[in-house]
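Below are the structure tokens for one structure; questions will follow.
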Amino acid sequence: MLEKYDVRTDLALEKKERFDADNVEVKGVILEEDYDEELEIRTTTVIIETEKGAKIMGKPVGTYLTMEVPHMAVPDEDYHREISMKLAGHLKELLMKNQIISEAKKQNFSALVVGLGNRKVTPDALGPFVVDNLYVTRHIVNEYGKYAMGLEHANAISAMIPGVMAQTGMETLEMVKGVADITKPDVILAIDALAARSSRRLNRTIQIADTGISPGSGVGNHRNGLTKESLGIPVIGIGIPTVVDAATIVNDTMENMIAALESSKSLKGVGDVLKSYNATEKYELIQELISPHLNGMYVTPKDVDEMVKQISFTISEGLNVLFANNMLA
Amino acid sequence: MLEKYDVRTDLALEKKERFDADNVEVKGVILEEDYDEELEIRTTTVIIETEKGAKIMGKPVGTYLTMEVPHMAVPDEDYHREISMKLAGHLKELLMKNQIISEAKKQNFSALVVGLGNRKVTPDALGPFVVDNLYVTRHIVNEYGKYAMGLEHANAISAMIPGVMAQTGMETLEMVKGVADITKPDVILAIDALAARSSRRLNRTIQIADTGISPGSGVGNHRNGLTKESLGIPVIGIGIPTVVDAATIVNDTMENMIAALESSKSLKGVGDVLKSYNATEKYELIQELISPHLNGMYVTPKDVDEMVKQISFTISEGLNVLFANNMLA
Amino acid sequence: MLEKYDVRTDLALEKKERFDADNVEVKGVILEEDYDEELEIRTTTVIIETEKGAKIMGKPVGTYLTMEVPHMAVPDEDYHREISMKLAGHLKELLMKNQIISEAKKQNFSALVVGLGNRKVTPDALGPFVVDNLYVTRHIVNEYGKYAMGLEHANAISAMIPGVMAQTGMETLEMVKGVADITKPDVILAIDALAARSSRRLNRTIQIADTGISPGSGVGNHRNGLTKESLGIPVIGIGIPTVVDAATIVNDTMENMIAALESSKSLKGVGDVLKSYNATEKYELIQELISPHLNGMYVTPKDVDEMVKQISFTISEGLNVLFANNMLA
Amino acid sequence: MLEKYDVRTDLALEKKERFDADNVEVKGVILEEDYDEELEIRTTTVIIETEKGAKIMGKPVGTYLTMEVPHMAVPDEDYHREISMKLAGHLKELLMKNQIISEAKKQNFSALVVGLGNRKVTPDALGPFVVDNLYVTRHIVNEYGKYAMGLEHANAISAMIPGVMAQTGMETLEMVKGVADITKPDVILAIDALAARSSRRLNRTIQIADTGISPGSGVGNHRNGLTKESLGIPVIGIGIPTVVDAATIVNDTMENMIAALESSKSLKGVGDVLKSYNATEKYELIQELISPHLNGMYVTPKDVDEMVKQISFTISEGLNVLFANNMLA
């Protein structure tokens, strides 16, 4: 049974959907859905409540919020402002739920935004691009106090682009921990490009999780996670699927094919034969057929350069709105 | 029968291989192979000699030279110089075969290099990148004469990056024809990023053809070809596969799967059933299973940014060697 | 006398100011000024009416419109939209004055936008950047007709980035003429980065001229002009100063110094001595003191990368507004 | 007197030259010169030995090595390899002099390379560009041991690009200290773009200092220095002048002018008057004449984009050579 659900995906929602498709109930996991008709944005909240649920889902206990925005790649400025506002709202919810901000301390918190990924590899450059457009304030608050910004209260925002291990020789965790130990932010927000399971997710999905960044996730495959445990500071992970693993796409299509053959009557009984295979036999059949040349290959839309730039603006804007006082007031 | 061979590929070699796989002899088409053991470069020359051969191959009469260089993406400077030298040699052959240069007029010809594709879309940026690194001389020769370059003879090299229709509102053909009509080069060399059928070709293949650039080819899909017919000047096309169409990869894997099912005895007779399908039925089965989300999706290696830059240097260097006098002397 | 006014500047306004400073009246040259208090934009129109005026001004007969926008480098979206609207309005005036568009033919004209300069040299990249953000329509109008755009009338806009001679081996004029001969636009709009005389102009000035682009002008120093005479089609030049020649700045400061010494009483009579020099002696004194290392040096603001990007958006937007029907209707 | 020598420059050599020009001997400061005739590289070593010397020079006690390479901007690969070798040699000297490496510990040291500056501002991007081309090894050594690299000994090289305060909200010092505290390198090498006093230095100068990076230095003006005192680890600073302050150039030319007027007999006695001014009066005269528009303006060669890229390759290559075993063996 487990082989089927044992697929790597960075999206809690995709994992949950696999179980739901077979009407398998996962104990300790709650699913909530919300649909904004006007903006056509579906927000799904997966809450993993127990360690048992965490084990089945293959993800730590916590809250995973997924926004599905069908037109996220369409360059419409007004629409993107709405997405940014909505994203800011969801981030605020998570920050309050985790008591990082409260009614009493809404406008005096400090955050370190970390843009994960490799600036030189287009689908992995999303994190660095988000930081490029961020409005940082920590140095102003530190130097002149909050009044310098014409405000009674102001958040101290800092940001870093650590780079990837092949460029730095260091774990991302080492760099972020070093900087956080010195600057002591109240919370870390880590932005990362993800590999989705389905090409349907590309262009249109944002996942926010209060569990940080898991080891092994992301396009760049972080070896060590960025979490409250590893950093000593709460971490909100913001992940956006920008690629699909090529082998995944081929694998999925063949699973579909086997399913189609199995169920089809018009296909003259071939399904009966395939039905007699067990999961392992099917898995081996598929693996045999996938070209070894697909290793390290990714599926991306042709306009991925433009798309990554576009989405990074929307995320930066969401963070800028979140950190500005009017939103949190 | 034809359905099987009716696949779009920009590489004459890939087309030929499809026929060869089934031992189908194509009349009017000659295949020559050469293997350089030291450099591990396989060079295949497909010569389409007759209109009948052209019709079957789906490509115009002419010479198509394919270099397969397994380590083309490896950043080894010395090795790349060797590839560049070899490329220059093959280009020289084609230029002499087409009587663009001759023993008498080896060092006094003029060439316009056209870098096709979209600079802003990584896998399509190869053409523009090649031109970025080219050594142009036409303006020096025109202004000061060949002696200014310390040479008795010198080729007048010019270059342009026309951009793509979505950026210019013009056909590439209109722009190249306009410039060629005024500057009257002896030959046009057009560089283009191609979509290959097989991920095995990525990173490692260069095709040179004396038929120019065909309509509908390239990552950017040129609507009108750049050919001697359309431009009034001989055109050498230099194409390098940088992406594979995602639907193609899925399609191919499923074809493999059907073939495996058909031939396998261990698979308990399922093959017998599939064998009873005709080609159209199989094609429909596959199309039904390919996700519509794969439209416009490409498969590329993760390091495509680095790879395109690397290969563009090798191509530029090949052209620089070709145009410099010592090579052609 | 003439030495003093014989300074190279691409801005007709700067030339005119030199004469005005000394109350020298230039016959055949009209100056009109307009000040928009709300936007703080000063628009000056220099009209050179006669060949005699042209000779004195060192610029061809025609209309030169200069917008001075003090806050052009400030990243305020709303303000930039206003500048773009104003720019579109001035361009429309020039197009009507030159009978390129008229009440009868307002929405059916075709324009070729040419982004001059070198994309790889920041202060010279303005032209290419403007074209990057342009909305081109010619291919849509040609393919599907104006109705495809949901419009009764539509302008056919095309664009090209010719590159510079060191990259192409061709004169810009050759390339633009080639493309224009084939595509036959009603008008050419050429965008170019200029060298100003005064650092005060940087960041804040747009010059529009119905005389096209003069030979020897621009950061990249075009050898041949783009004019109605050379191209057979009316050319509107749009120039934006992005650098000042370093030698110019030093020269100007020293001229100021001499003037200060001459006029100053408190400086204990040194002025009397300098007054006895003639213009040639002063010029020689200054030239002797300017370091030869300043050749090829430019003065730019530190944030020129950001500034050029910012201004290019404003210009593109101005053109997009101009070409869209609502503006010209 | 002091006013004259009180000019800001990041180059110890420029400071020393000012004193030498007037035959002012500075106690506690030693100057050594070496000229490589073949490569035309002049290497000057300024050793500040005493605190008194440090006070006069306005720079901390330590060794400042300046390479002057007239053709550093010329794109000749072989020549650049020679510069890189020479740079590596000088760095090795400084590392040995400071006992960071020794005969016993030549191939087992760890270094953190810091690319200072702003990637988005061309003349300040040199540091980040150097790191882009660096060969880092720390992660390989940590993961697989030195044998993984086919070596008995190997240096553990890491690298970071901290960004600038306006982008990060953090002091560069905070970020580097954080990362160094966690990763504990034996030495930090910090690369920075400098502002030179004289345009003659641009394109051709590399300064290496074992005093690290001083506060207030660099194009980006670091508020806090990166030094052994502030970081607890020895810091080698590598600085390359890429710009000259525009006001500096104007100031210098006017100083020259005043000097010329003072000394000239042919200038009819004007010098006598100026001679009667004291230093403060002259300084005020000049400041009055410098345009306020020159604030924040820099003088750079037109091809600064290409030049910064070219030089960054040479520096990276020097570091790669230094860190590879063959050099230090």
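As written, the chain order gives the labels A, B, C and D, with residue 1 at the start of each chain.
Definition applied: contacts are C-beta pairs under 8 Å (C-beta built on N, C-alpha and C of every residue); 3 or more make two chains touch, one makes a residue touch a chain.
Bear in mind the structure is a predicted one, so any value in this text is a computation, not a measurement.
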| Chain hops separating subunit C from subunit A, counting only touching neighbours | 2
| note | Computed over C-alpha atoms, the centroid farthest from that of subunit B is that of chain D
| query | Using CA atom averages as chain centres, what separation in Å is found between subunit A and subunit B? | reply | 38
| remark: Separation of the C-alpha centres, subunit A versus subunit D, in whole Å, is 42
| task | Compute the distance, rounded to whole Å, between the mean C-alpha positions of subunit B and subunit D. | result | 47
| Going by the touch rule set out above, which residues of subunit C reach two or more other chains? | 120
| task | Could you pull out which subunit B residues touch subunit C in their complex? | result | 120, 131-132, 136-140, 156-163, 165-171, 174-175, 177-183
| Interface residues, subunit A side, partner subunit B - complex | 120-124, 198-200, 202, 219, 243, 246, 249-250, 252-254, 256-257, 260, 267-270, 273-274, 276, 285-286, 288-291, 293-294, 296-306
